[in-house]
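What follows is chain A paired twice: with chain B in the first complex and chain C in the second.
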Partner chain A sequence: MSAPVLNAQQTPAAAVEGFSRSETVTLAWPMIMLSVFFVIPFGTMLAVSFFERVPGGFFEPGFTLDSYARFIDPFFFKSLGMTMMIAGSASLLCLILAVPFTWTLTRMRHHHRVLWLVALLSILSLSEVIIGFSWSLLLSRSTGIGNILVWLGIENRAPKLSPGLGAVLTGLCYLGFPYAVLVLFPQLSRLDPTLHEAARMLGASPRRAFMNVVLPNIAKALVAAFIMVFVFTLGAYLIPQLLGKPQQWTLPVLIADQALFQSNLPFAAAMSIFLLGVSLSLVVCVGWLGRSSQARIEDQSTTQSTTQSAAS
Partner chain B sequence: MNRLLNRLFLGAIALFMASPIIILLGVSVNAEKRLAFPPQGFSLRWYLELWNDAGWHSAISNSLLIASLAALLATSIAAPLAYGLWRRRSVWLRIFHAFGVAPFVLPPVITALGLLSFWIAVGGYGAFYSVVISHGVFLVTLPLVTITLGLDAVNKEDLEAAETLGADAAARLRTIILPQVIPYAISGAAFAFVLSLNEYIIAYMVAGFTVETLPIKIFNSLRYGYTPAMTAVAIVFAFVTALVFGLIGYFGDLPRLLGAWKSKDDS
Partner chain C sequence: MSLQIAGVGKDFGKQTALSDVTLDIAGGELICLLGPSGCGKTTLLRIIAGLESASRGSITLDGDDLMQQAAHQRNFGMVFQSLALFPHLSVEDNITYGLRLRKMPAAARRQRAAELLDMVRLPGVAKRAVSMLSGGQRQRVAIARALAIEPRIFLLDEPLSALDAGLREAMQIELRELQQRLGITTIVVTHDQREAMTVADRIAVMNGGTIHQMGSPIDVYRRPADKFVASFIGQTNLIPATWQDDRLIVRGSLFDPGQAARDNQHTSPDSHETWLSIRPEELIVLDNNAASPPGATILEATVRFIRDVGASIEAHLELPANDNQPAQSLVALVSRDKVQHLHSGDTTRIQLTADCTVVLET
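On to the complex of A and B.
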């Protein structure tokens, strides 16, 4: 009965317009999975943030703004400020290292570049537990790099560098560096190589060509990369715990602590919704930055082609 | 001079990247049950303990099983979505594409808490399958991105030629699209596999007290008594991770996968 319909859908014109029945069935799978296991969990979390807390248990359905009211607490503001400061300084440090590194990476020979990329990807996917643990060893008194100072005779006793703010920043920098490189990599790879060459031909030193010609061209990409790395380090959960003191515990640590150990799921959900709001608006900013810089590149290319056609 | 500075800079970055691995490697070959660096004595007993100790053994097999199933699930969700979007840019598909990418871009603790409240509500909290599904959905982004890249690389003229010669949609999918896209799908699944293997917070929130994955086991042993076996397992994991990416780099086009254009031309 449905055969004529199916045939009609399989004509070339219809294939572009819509999907055949078998295709629709296949498309239902990702839609169902993402709705049930992504959209509904977020809805549940939003609902839970308005639920009432039951001491000792998890929660009870209801509607209260109690969990959101707890944001006015000075303790929450202090941890929020600490979280932003830590993520901000760590991402800045990451970019300072990643920009010159990525620039060098894009100009390497193919197989050298692949080697570096394999190393970067491996470190990027290394578990935060392993990173935190190894840095706590590296910064400890007994096994740490402080012992090099003792060995050189600069200090009598190795300094204890972890836990502390410096250790958290080092760990986050290690975590964020490969991510920063991978965010910058496409941008810097697609940059017109003749730009740098032209500046060099006109007598600029490599550094000056980079600073005055390349950098202004990637300014927006840098801001976007900064925000992406910021959101990434904002999500770190184990490093602040393993390398920091309780004062340096960031929002994700507090969220997990409230959810699992204080049994206050509504408050954890409210903080999570807050964190979601902050990171989502930052990511939207990145999308907006990306679109406007793309528009600029298109503008430039149309100007270029008009100048070229005018010249010929 | 500039060349030298460049070398020094790259060397410093390499040292920074390698130092945690070096110290883990050093501690893991200690002869005594101490976290000492430089190592005191040399022995591989901690690597053997990983194999013999039931606790480490079950954590490793849990992690491997979860990662394989989650990678398959993520790829099965991502492939039709990427294909649908490649065929037709419908608004609905774009919205679901955003859902597929979102959990990966946002701080994972948010997704973890969402899934925790979800599994408590529907009653899968603490179950093995909950971890598999949670990881599968969380990691959809990776195969989604790689398969989309693979489809973009398919030559539209080949498709038109096949159509003119009478190949129907299924035949075109089988003979032209799939052979080109499958390597990208495998890379995406491998990315998802490695990340699931190393993921902590979602696994911990969804079933941390019942299903012990490797990162959870390492963290627990950090808190309740150090043993060099932790460093041995970390080294094994770092090695597996590097091996998977090394294979992708060797067989696939890594620079293109990571977003650089025309990487093959300038090699």
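On to the complex of A and C.
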């Protein structure tokens, strides 16, 4: 009984001084973690990207833009384009699968829904390594799902599905799918189910009602889910390497190659900074696009209503 | 457009939500499906709309089998309880959505939207966002949107439940006027008996997935078919009674319920328990000094509480317990001048007459 009273007395004094000691200790922990595991490594990487490379050796402190200058190279742009293409199509594919799935999920009975969500969350507990190797087995010629086609008599010889672009996309999709569902789920379950029914009563087929009424109302969640999966797959390193041919190696694979095998740390660091910059600006761009289109709709309706009231 | 519903039932798993409902609705008629929540009224409406499939039975519209048509092929207008206005579209685009699907040119659509907004008395909001409207305005937009497609049948699912009491009553009258002007066959689902009495040509009182009684508002109020209908529609006093062949015994006294009730009993003469329903405003409280009319059924009661409700006096009475029956409380609404001598704790008499008493067919 006495504890809350004591607290109530302490709080105003603590507020004047800023944080109480216990609050400072509590807040210090994440601060320390953040600086040790994020700010310091990032600073180091940023610094290294400007260091001079010693061919055949390691690197020397200094300031040069040599590593950044290496970006002006068709090979680099090709792999950057490939990285964007793979991340973009993987996220798109992921959304195309995740939207109808989540839509169905929100309309399930409660205990069925819980089962599905548990199954999805258990995918998150698998590491990229396990997912990568599993898919490479599943898509291989000797033990893969292609053998089912042979068994059914559709194909004479099991196709070799991995490595290849399809295999990379499949792996990345599998990786991103639970995230997409988790981002979409709250929005979709909050959506009024009678919106779809209302459109149907007005004469829209179920598919049309979905396109005209449901889709525009979940656009924000779709964009959020897309960015989430895009940034996530942009950083994927193991899946493209395990399931892709060298042509499908994305920037993270090249970065690892430069850092680990070519021992060109300044170039690897410069590429990492570049990749980070690209994904950050994409996130900002899409966020800004979403906000401005929202503002435009609101502008329109307010100007229209003001002209209307002025007219009357 | 007349609608024939024959033996329609719906099961959810092992549970029966609707058991074999049969209903004929004439063209231009307004029917209210009235009942407590979970009585199957919304399920029936959704089956008529095509949003839910029936487990059995058939529905035909002027001989046209509706079971073969999906919801979007039926051309029915529906107003949902949540209104379901499309939040990303303006008022005009909401109203003309159905017309856009029917490939009406843009100029004609705009004109039609303006007409409809005039019709629901909401001019000048066409370009506004739905989120900028008040509850009553949204209600009107939802009605205009449903009527825009010139529906064959107009369906409303608890359409006014989101509005506050005063606005709701005004909208009920407006809705009824609009429906009569358009002459459109309409089905309204509601749990509010006052709303049903206001708008309906006929009321279907539902409970437990079946229709208990179907009739005009005054019919359902004056001649409730059973105990459920009597207590659901308005306030009533239910007094247990016993048929002994063709004699009706109420708390030890013989009571003549009138020719109609006796005829009804003659069709299956046996002895069984039943209930008398007497509306509070029809319960006759006799003056203290008045002589008992000869041959009348008189019951003694104690006055428990007197309450002035403005237009009349509400008297809470109690029939005392006797050998066979426990004490029972009654409510009577009586005019002011009649009960000047009535005080709490007094003993008074009530008279049962055939005119104001309904014998329920249990």
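Here, the second predicted complex is superposed on the first by the 247 of 312 C-alpha atoms of A that agree within 3 Å, B and C clash if a C-alpha of one lies under 4 Å from a C-alpha of the other, contacts with A are read in each partner's own complex, and residues count from 1 in each chain.
Definition applied: contacts are C-beta pairs under 8 Å (C-beta built on N, C-alpha and C of every residue); 3 or more make two chains touch, one makes a residue touch a chain.
The structure presented is a predicted model; accordingly, all values stated were derived computationally and were not measured.
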- request: Going by the touch definition up top, name the partner, chain B or chain C, that contacts more of chain A.
  value: B
Query: So, A:Ile255: does it touch chain B (first), chain C (second), both, or neither?
result: first
Field: Partner chain(s) touched by A:Leu238 [first = chain B, second = chain C, both, neither]
entry: first
- prompt: Counting only touches as set out at the top, which of chain B and chain C does A:Leu222 meet: first, second, both, neither?
  reply: neither
- prompt: After superposition on the shared chain, which partner residues are touched by A:Met85: those of chain B (first), chain C (second), both, or neither?
  reply: neither
Query: Once the shared chain is lined up, is A:Val213 touching chain B (first), chain C (second), both, or neither of them?
result: second
- request: Considering only touches as defined above, state whether A:Leu195 meets chain B (first), chain C (second), both or neither.
  value: second
Task: Figure out whether A:Val150 sits in contact with chain B (first) or chain C (second), or with both, or with neither.
output: neither
- line: Contacts of chain A common to chain B and chain C in the A-superposed view 206
Message: Touching residues of chain A toward chain B in the complex: what are they?
response: 10, 12, 15-20, 23, 26-27, 29-31, 33-34, 37-42, 44-45, 48, 58, 97, 100-101, 104, 106, 109-111, 113-115, 117-123, 125-131, 133-135, 137-138, 142-143, 145, 174, 177-178, 182, 185-186, 189-190, 206-207, 228, 231, 234-235, 237-238, 242, 251-252, 255-256, 259-260, 265, 268-269, 272, 275-276, 279-280, 283
Field: Residue ranges of chain A in contact with chain C within the complex
entry: 192, 194-195, 197-206, 208-209, 212-213, 216-217, 297-298, 301, 304-305, 308, 312
- line: Per the touch rule, the chain C residues reaching chain A in their complex are 49, 51, 70-73, 75-78, 80-82, 84-88, 90, 97-98, 101-102, 124-125, 127-129, 132, 145-146, 149
Interfacial residue positions of chain B with respect to chain A in the complex: 2, 6, 9-10, 13, 16-17, 19-21, 23-24, 27, 35-37, 73, 76-78, 80-81, 83-84, 87-88, 92-93, 96, 99-100, 102-103, 105-118, 120-121, 133-134, 136-137, 140, 163, 168-169, 191, 194-195, 197-201, 204-205, 208, 214-215, 218-219, 222, 230-231, 234, 237-238, 241-242, 245-246, 248-249, 254-255, 258-261, 263, 266-267
